[in-house]
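Shared chain: subunit A. Partners: subunit B in the first complex, subunit C in the second.
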Partner chain A sequence: MNCLWCHDDIMPDITWLNFWNPFYEPGKICTTCKEGFPIIVDHVCPMCSRPSKNEEVCGDCQRWSNSEAFQGALERNVSVFSYTPIMKDMMAKWKYRGDYELIHMFSEDVRKKFKEAFGKSKATLVPIPLSSSREKERGFNQAKAIAMLLKRPIESVLTRVQDEKQSKKTRQERMEAENPFQLVKEVKGEIILIDDIYTTGMTLHWAAELLKKGGSTKIQSFTLIRS
Partner chain B sequence: MNIKNPTENPSNVYAAHLSGKILLRNEIPFTETEIEMLLNQKFLNEIRGIEDSNFGYRCVRCGNQKRYLIGRIPTKTGKQIYCRNCIEMGRVSTFEPLYKWAGPELPLDRLKNPCAWEGQLTVHQKIASDKINEAMTNRTKLLTWAVCGAGKTEMLFRGLTDAISRGDRICLATPRADVVRELVPRFRKAFPEVSITALYGGSPDKDDGCQFVISTTHQLFRYERAFDVMIIDEADAFPFYADASLVYAAKKARKESSSLIFLTATPRKWIKLQSACGFLPTVFVPSRYHGHPLPVPTFPSCYSLKKSLQKDKLPPKINDWIAEKERNNRRFLLFVPSIEMAEQISKLTKYEYVHADDPDRIEKVECFRKGEITALITTTILERGVTFPSIDVAVIDAGHNVFDVAALVQIAGRAGRNAKDPYGDVSFFHQGKSDAMVGAVKMIEMMNNLAKERVK
Partner chain C sequence: MRGKWHFILFLLLISYGSNNHWVLIGLLFLFFIFYHWFTNEELGKQIIFISIGLTIFCFSSFFPSELSPSISIEKSTEPSTYTGSILSNPEKSTTKMGFVFKQNNTKEKFYVQVYTNQSSQKVSNSIQHGAFCKISGSIRKPNGATNPGSFDYKQYLKAQGIHYQLNTDLTNITCSGRSILSYPYKLRENIIIYIKNKFDPNTFAWIQGLLFGNKEELSQELILTFQQWNLSHLLAISGLHVGLICGFMYFFLLRIIGLTTEKSKQIIMVFLPLYAILAGAQPPVLRAVFMAEFIFLFTFMKRKIPLTDIISITAIIFLTMNRDLLGQLGFQFSFLVTYSLILSKDILKKHASFFWGSMHVSFISQLVLIPLQLLHFYYISPLSLLANLVFVPYFCLFVIPLTLCAVLFSWLPIYFIKLFDFLLDIHQLLVQTILDVMEPFTILWVIGEISILCFIAYFITFLGLMNRLNKDKHNQAFLFGIILVLILQIEQVKPYFSDKGTITVLDVGQGDTIVIELPHRKGIIMIDAAEEVDFLSNDSDLEHIEENKVGRYVLRPFLWSKGIKHIDYLIITHPDYDHYGSMTYMINHFDVRNVYVNPSMVQLKPFSSITKINAIHQGMKLKIGEYDFRVLYPGQENKTKKSNDSSLVIYTELGGNRFLFTGDIGEAVEKELLKTYPNLKVDVLKVAHHGSKTSTSEDFLQATKPKHALISVGENNMYGHPSKDVVDRLENMGINLFRTDLNGAIFYYFQDTSGTFSTMIP
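And then the complex of A and B:
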């Protein structure tokens, strides 16, 4: 087997435990590469997973909770990795070049983090959608790819109307744009939104606001990266 | 652009961009309606990007069949397949077709006397130059085994002149982008009237019907049966010899009847074997353009290297070598096996170091070339393709396995390239001689002897 990132051979660790386990899946990334990807460990803002020394709620999150429209919409966000140059490379390859397989590098870490953060919750997973034209061009939806790693029921209840690249906009421009989502189906109960990256949090707050209006009780989010 | 009377034959505009190529939709600079028209005229064919055979999937563009480089995307309707090997050049997949030109070929100019170079070839160069011309005319294969600093570029001019006047489409491919950047201005100067394009990852040029393409081997993925003359420079360099898909690309880019010229100073085993068995006609250029023999490396031992470096000191022998060069105002290159060692020695000697991922790599090398800095510490990236007029060379820990025969011969070939200063000092500091070191000296001596014999 070869590492998904550096293409070198991987020697899987065979122990007595996994030797007897027919469902055992060896990791798809070598240990050297794995160390390069920065997992968020501790000292983060409890609301958005941004690194914060004394674990206080960060300024941005306070602004969200003070804003009228989005108050209490998104309860909290949990992210797995922080956004370093190697992660930027990974995103460029995965999302923009379209190398779908790369997401399997993170399956173990993503599952572990999800279990830690939402272990007992019976929430429905809702991936953030792409517009149909972009999804066709890319061939996949990156949020759904992450959701599929978690092996839980997925509900695609949102659609995206307008579609301009978020990553090309400044913070100000993102804040002033209109909500790009529409609700197809109302979901009661708990929801965990899934996305690839939490930057300003605008996308997730839009989606959360819409779902809240649709009658969901508790909305949290889970993203691969917190930038 | 190389189009004669586009009004006379409008398909030439399209042929200029598409002839001999195999492209993804977003690489074609035409509108949807234009492509529709070309498809209807059967000038353009839609083909599948990924072939499905009993032995698994195969990428049509790069020939990749390795299972771990075939990717899968789950979709509602099932699985889609894509190629991970050539994904840096746009994704080839089962949900997008590739486009292949099937219309008339682009007619190229037939310039009568395109060569503006007025230098003289040496006897050895002349022999090789004639052989190259013969191979290009007869559309055959040829290995040109020429020592470092033999003047390989100049030996091509004669053959290229004839090929251009025949209206041949020519490609010079090399595994290294540095080499492309170094060669292009030299060819543009020698053939000022010919349309020449340079292709490498991130290059500003585009091939819009150029007669002469100078490119990295990776860029050849986008060509199919395009070239009458294919020259592969530094054919033994990484990653060409190690990557089967690049060999496939070079083969695919040639026309069925075309000539193939390998240029190298250090052919790998496989090519040497073909040459020795007579499958690959070979011409030797054993002497440098200035006629002086290649400097033969010496093997000073340096067993204290590891210990000294652990104490954060330079071994005395290396220290003395550097001091001597400084005293005599000699400039030098110091080759080291790893980036970590480059960094450490750079700290100890106060000289700059470069490696492959260095963002300032091009500037540092340029500084050294201009003589603004007296020495440079480097990993094997500067082993080939770069010329510094008058320098000495040392290799630290030459027995390390990154220094194979080819690398060591190439490194030795950096020294003494100037006619005014044809003797350079080449020292391989080692902690025990390796086969590669001995092999390198054998290869250099063989070439020097061959040169002597020919002169007699």
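And then the complex of A and C:
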């Protein structure tokens, strides 16, 4: 087996945790590469997973809770990895150049983190959609790809109308834009939104606001990366 | 197959355990089916793998799994001539040499001991590894242990596949030829002789111990202290030494000579096997060298392979070549420690600092070895972790490099040699001082022989502990640690909850030592503590006679194997050395709470200085719980001049049988006893005075009517004990006779009102 990132041979990593298990298989990524994708461990803002020394709610999140429109929409965001240059390369390769397999590098860590954060919750997974044209261009929806790793029921209840790349905009532009989503079907009960990256949080808050109006009680989000 | 080899090893161990190679083949087959199913790895590779595996097993010594000897003899045979070849490198000392010899037609292995008194250099030189020899002599079965807990030479040889001993001398042996391996062995011998002539005895002892894996020149005391602090691994060449040697060589070749990394590694690869033989080729050093060679080989092939596979493959090769290794202490310790350190790599990586790193290495190795340590030595020393923290870096960074330099620069002029001698004198002084300072802090937690249940429970909990440690869950790991201690604690206090008691008549040679353990550990009573008197031994090497032989090799191992560290009552019947010789040893090494002697002894020399001493006499009764020990003799004022006739006579009832312990009393005292106690009836009689004809009179036997008789007597003793008259007398009366010279230790197990006898040698 070779590393999905550097294509080097991966050596099975036998420790006290797995030596007894004859069916143990090494991960899809080698230990050296793995170090380039740092997992967010602790000392984060409890609301958005941004690194924060004293674990207080960060300024951004305070602003979200103070804003009239989005107050109480998104309860909490949990992210798995922090955003490093290598991660940026990975996103480029995965999202824009369509190397779908790369997501499997993270499957184990994603599952582990999800279980830690939402293990007991019975919430429905709602991936953030792409516009149909964009999805056609890329061949897959990255949010759905992540959601599919979690092996839980997925409800695609949102669609995207307007279609400008978020990543090409400044914070200001993002904040001023209009809500690009529409609700196809109302979902009662708990929801976990899934996306690839949480940058300003705008996208997720838009989606959350819409779902809240649609009658969902508790909305949280889970993203691969927190930048 | 990478990362799975330890399962193959596991299957191999199971099939060795079940002693059936079909089990192995079946299990291997199942394993591969499952493996293929779950991984979908190409089947082609596995077919190759299976065929290689089967070939190895077919050609290994494993298949004709002979466990029982092919010839059977009673005790020894008439002398005859055997032809065969020498399988091991002969171990030579000044007066004798020993080697493993494989007889040609029966394929039976003997351990041959050759006395080399009449020096014939030519013959002695022809005895080499692989030589073909004709040896005349009589073969005999090696001696088994005659006491619980003692070293079992028979078992020790059996673990090497040897069932017989052959003793002979140089006139009865002719050898010719040699194997390739004999050349490096000869080189080793010559280097050792060369070094012995160059350096001081002290320097030589350390060089031989640390580089050549032979610690016989180091003082017995030091070796014992090292053992108590779990430091013995420093004196047995292992991965540590091989790693260091590799490191030095690599540094030297790369930095000083300026070779490429590739070249340096190749040179080390060629040198290591030679080093393994120079270092004595014991299992730990062979393991380390094999593993190092594998690692180098795989780096040259640019293949990555986990260390677990490397060590598993090494173990599989070792065990298929020689399954007897499995029973050897060095093999078990070495592989177990290495495995657990390899599996701990995540844990060790997290603690990269020198201090915490070595702390963890020590901690993990000691923890995994505790069950084995208990099986072999019955104690653990909790503070040995600290000793290792001090000594391991000191030996790695100073002493081993120093001894290595001493050997490498031994061609330098005499003042350099003197410098090395000086440095190693300082080292000796330093080690001695540190050990002396640590001495008062020696804590030995004596647990005794552990049960298989405890063994399993310990290892399961240990796996849990390591798992939590690996997951960084320190609180849970700590909890598991507490459970580990509890498991050992429960094992230790088990006798306190048992309603079974034991009387053990130990085989102490010509002397008496009887240990009574009352149920629920209500009391531990020791009647007499013998020491062997062998003033007539005509052995030429008198300096080899050790003090406290019985104490060290019989009493301590026996008591420790039962988890006993204290004696409630030590009763010395009379002041003869074969009854009190080990008393001082007992007082120094055990918590002896009371010493009882007969009235005439309190003023005598070694006894008068003991503080907790008391005289007991006729009419007194020692009451422990519901158990009574009555003193029947001697009276308070004893007129006899004979030491034997002043012996304390103790009467007690245990497990429904009446016991009489008679010391060394003679016929006169027996008469007196019958006069004082006309109704004295006895079920079990400890025959007085080792079965001498001056005791155990017909009248006494008629009157007391014993059913069983116990004689504590040395094999082939110079007094001719037990006397034929006494033995005949006992047998004629239909008394069941037990003798320590024939039966080894004698046990009486009792519970409530029933008791049964058994013996060490059936």
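Note that the second predicted complex is superposed on the first by the 213 of 227 C-alpha atoms of A that agree within 3 Å, B and C clash if a C-alpha of one lies under 4 Å from a C-alpha of the other, contacts with A are read in each partner's own complex, and residues count from 1 in each chain.
Here, a contact is a pair of C-beta atoms (placed from the backbone, for glycine too) under 8 Å apart; a residue touches a chain by one contact, two chains touch by 3 or more.
Nothing here was measured: the structure is a model prediction, and the numbers come from that model.
**Student:** Per the contact definition in the header, classify A:Pro153: touching subunit B only (first), subunit C only (second), both, or neither.
**Tutor:** neither
**Student:** Just checking: does A:Asp13 make contact with subunit B only, subunit C only, both, or neither of them? Give me first, second, both or neither.
**Tutor:** second
**Student:** Contact-wise, after the overlay, does A:Asn2 reach subunit B, subunit C, both or neither (first, second, both, neither)?
**Tutor:** first
**Student:** Once the structures are superposed on A, label A:Pro85 by its partner contacts, choosing first (subunit B), second (subunit C), both or neither.
**Tutor:** Neither partner.
**Student:** So, does A:Tyr24 touch the first partner subunit B, the second partner subunit C, both, or neither?
**Tutor:** The answer is second: A:Tyr24 touches subunit C but not subunit B.
**Student:** Touch test for A:Gly119: subunit B only (first), subunit C only (second), both, or neither?
**Tutor:** neither
**Student:** For subunit A, give the residues common to its interface with subunit B and its interface with subunit C.
**Tutor:** none
**Student:** Using the touch definition from the top, list the residues of subunit A that touch subunit C in their complex.
**Tutor:** Touching subunit C: residues 9, 11-17, 19-20, 22-26 of subunit A.
**Student:** Mind listing the subunit A positions that touch subunit B in their complex?
**Tutor:** These residues of subunit A touch subunit B: 1-2, 7, 93, 97-101, 139-140, 148.
**Student:** Touching subunit A in the complex: which residues of subunit B?
**Tutor:** 68-69, 71-75, 80, 82, 84, 87-88, 91, 93, 95
**Student:** What part of subunit C is in contact with subunit A in the complex they form?
**Tutor:** Touching subunit A: residues 2-4, 6-7, 31, 34-35, 38-39, 303-308, 342-347, 463, 466-467, 469-471 of subunit C.
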